[in-house]
Amino acid sequence: MDGPFVTALDLILRADSVLMQIIGLSLRVTLSAVAIACLIGLPLGAGLALTRFPGRGAVIVLFNALMGLPPVVAGLAVYLLLSRSGPLGALDLLFTPSAMILAQTVLILPIVVSLTRSVVEDLWTEYGDQLLSLGADRARAMPTLLWDGRVSLLTGVLAGFGRASAEVGAVLIVGGNIAGHTRTMTTAITLETTRGNLDLAIALGIVLLGLTLTLNALAWSIGQWARVQLG
Amino acid sequence: MSRSCLPLTLDKVSFVASGTALLSDLSLTIAPMRRLIVMGANGAGKSVLLRLCHGLLDPSSGRRIWANGEARAQQQAMVFQRPVLLRRSVAANLDYPLAVAGLSRAARRARVEQTLARFGLERISDQPARQLSGGQQQRLALARAWSVSPQILFLDEPTAALDPYATRVIEEMILQFAEEGITIMMSTHDLGQARRLAQDVAFLHRGQLLEHRPAAEFLEAPQTREARAFLSGDLIW
Amino acid sequence: MMMRAFGHVLAFCAAMLTPTTLTAQEWITLSSTTSVENSGLFDHVLPIFTRDTGIEVRVVTQGTGQALETARRGDADVVLVHARELEEQFVAEGYGVARHDVMSNEFVIIGPATDPANLREARTAAEAMRSIAQARLRFVSRGDDSGTHIAEQRLWAEAGIVPVGRQYLSTGSGMGAALNIAVQLDAHVLSDRGTWLSFANRGDHDILFEGDPALFNPYGIILVNPDRHPHVRAAEGRVFIDWMLSPAGQEAIGGFRIGPSRPFIPVRREAR
């Protein structure tokens, strides 16, 4: 195994253009998906936490369950949606990075919604009376609680990022693993492994592992810092 | 400024939670510019009464009437036993209720600076509020309450979790607020504190208002058996 | 204010989802098979085509069955696969315009270099398959309706054997993945020559049988029918197919080498 590892490190140290292109696309897709999931999921989760309506319990259970949605199922659903023979076929999005962003958003959104709901619900128990006393109603309290729960929420968002950047099933189905176009780290690892071409696969594996480690270290440090700084 | 929201009148107010009457048939008028201390044993209903006056709770029956006819008075504030400070700087905590009230950015900045100066908080204005000591946190909570220019300030055992020094500081702040014309309605089960702060006393027992009289009269010559027992430190059930 | 914020959110999402590759460059989606992709042929041929015509070819790699299904749904413009009967059916059903022979290679039987079933002695492919079955040795099948899988089933039928039992592993995976499994499990496997030649992780495996005409593996190229799917990039797709069949394309295919070997034989004689 000496050979592939050395080549892999060489690819990384030389900042090999194919490798960089794949990493760049992976980050672009996953970060976009995280951003969209947050834009939708944070208000939605906070809304679920602070409102009461018939069927609320069912919605909460649904989002909790969707956190365990297998990526391939999400991929298949988005594939059927975006396929030319599907309802959104005219958008011509299948086998594009946009399709992959959409699929990963579907994967991350339940995590963001469920976590936000639970964080905001807990905060409301603590803050509710005080905020009402200060004149904030529940709608006004939403951004307040989201901001005050920012550290806990960040952990959840990073969990979502981790799930999206590690998954291969959804992006493979809706992206098609097209070289230079929709090939991400995980789909490239799959392909290169099946080619018996382990150098690039290992290099990408190392990068992915490093990314995950960095993110977790970051999350942990922010948590520590926040405990000291924000109380 | 709109006309005064005081006096606040409670007319035969009851509050029932999960089948238990926490306040029953309570009538009370809170006069402006007075320091009213609500006394009573734990569970007598002091906290519920304050929250109901403040508008956090609504009466199950009876009426809560502000003098200016508002459903919930704008110019009021409340300080809790444990202040809930936002996970932000001291200055941002002062800014928050002003932003909620819809003040302009410039007006907010001016008011925050005024408040910081008034309470000697400039030095710590950028510090995270949650890092402050318990006494400082409560001081900040009072400053935050003051900053919205309330006509009446409700305080729910504001010093129960504080040491004697911090308690003194808070009591002095409350007396200053009263001198500035803010009506005070505060609960405590600390007799010494009541002696130091009260002009009027409302005595609650099991959700009922048994006495509401000037403090001197109440403390020297309580008229009910329950109040006498409470003041002498006996447990009554 | 809520509505305006919501509008911003929508605009942001739309911006994120808008393809950033809305360049002047034309492109087509080619649905093709793992055996071609894994061999590296596209890496050699497609840059030449793009340089000559300015049309980018985006290859989605699947087994032949799935590749045709993708095209049936209208999600590809051109298919390049290797299962003649399925291809002819695809055209007959109206999904494809016409099928053109474009190139061929051959299947080979891969196994442990020690050759426990004496495949090197076999005279025909069917005999070789029979030897594997009779020796009760492991065989890894693609099991994914790919062209290779279909060819394998035809060989079993010619050998008069129904492949079942614990030694027959239907993996449902691409060509390279199946080779990986076979190498790890000391098993036999049917592969196209190109994928095997480019496969880097061979272990102690080797080609044990080759050369029978029954192992001939023709590839067809088909334009998805624009009458069926009007959005198909038919003009660019035709340019690609014409180029692949032209002397330039044929020479590009013939010029693809793995070491000393030429894994794909172009149909034009002069390009061979």
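Miscellaneous remarks
Letters A, B and C mark the chains as written, and numbering starts fresh at 1 in each.
Here is the rule we go by: contacts are C-beta pairs under 8 Å (C-beta built on N, C-alpha and C of every residue); 3 or more make two chains touch, one makes a residue touch a chain.
What you are looking at is a predicted structure, and each value in this text was computed from that prediction instead of being measured.
Connectivity without subunit A: the remaining chains split into B | C (groups of touching chains, all others kept in their positions).
The two chains most heavily joined by C-beta contacts are A-C.
Chain A has its Cα centroid nearest to the centroid of all protein Cα atoms in the structure. Each chain gets one centre point, the mean of its Cα atoms, and the points for subunit A and subunit B are 46 Å apart.
Inter-chain spacing, taken between the CA centroids of subunit A and subunit C, is 33 Å.
The mean-CA centres of subunit B and subunit C are about 78 angstrom from one another, to the nearest whole unit.
Within subunit A, contacts with two or more other chains are made by no residue at all.
Interface residues of subunit A facing subunit C in the complex, by the touch rule stated above, are 32, 35-36, 39-40, 83-86, 89-90, 92-98, 101-102, 176-179, 181-182, 191, 193-198. Interface residues of subunit B facing subunit A in the complex, by the touch rule stated above, are 51, 54, 56, 74, 77-78, 80, 83-84, 86-88, 96-97, 100-101, 128-131, 144, 148. Of all residues in subunit A, those touching subunit B in their complex are 126-127, 129-136, 140, 144, 147-148, 150, 229-231.
Contact residues of subunit C toward subunit A in the complex are 9, 12-13, 16-21, 29, 34, 37-38, 42-43, 58-61, 73-75, 173-177, 179-180, 198-202, 229, 231.
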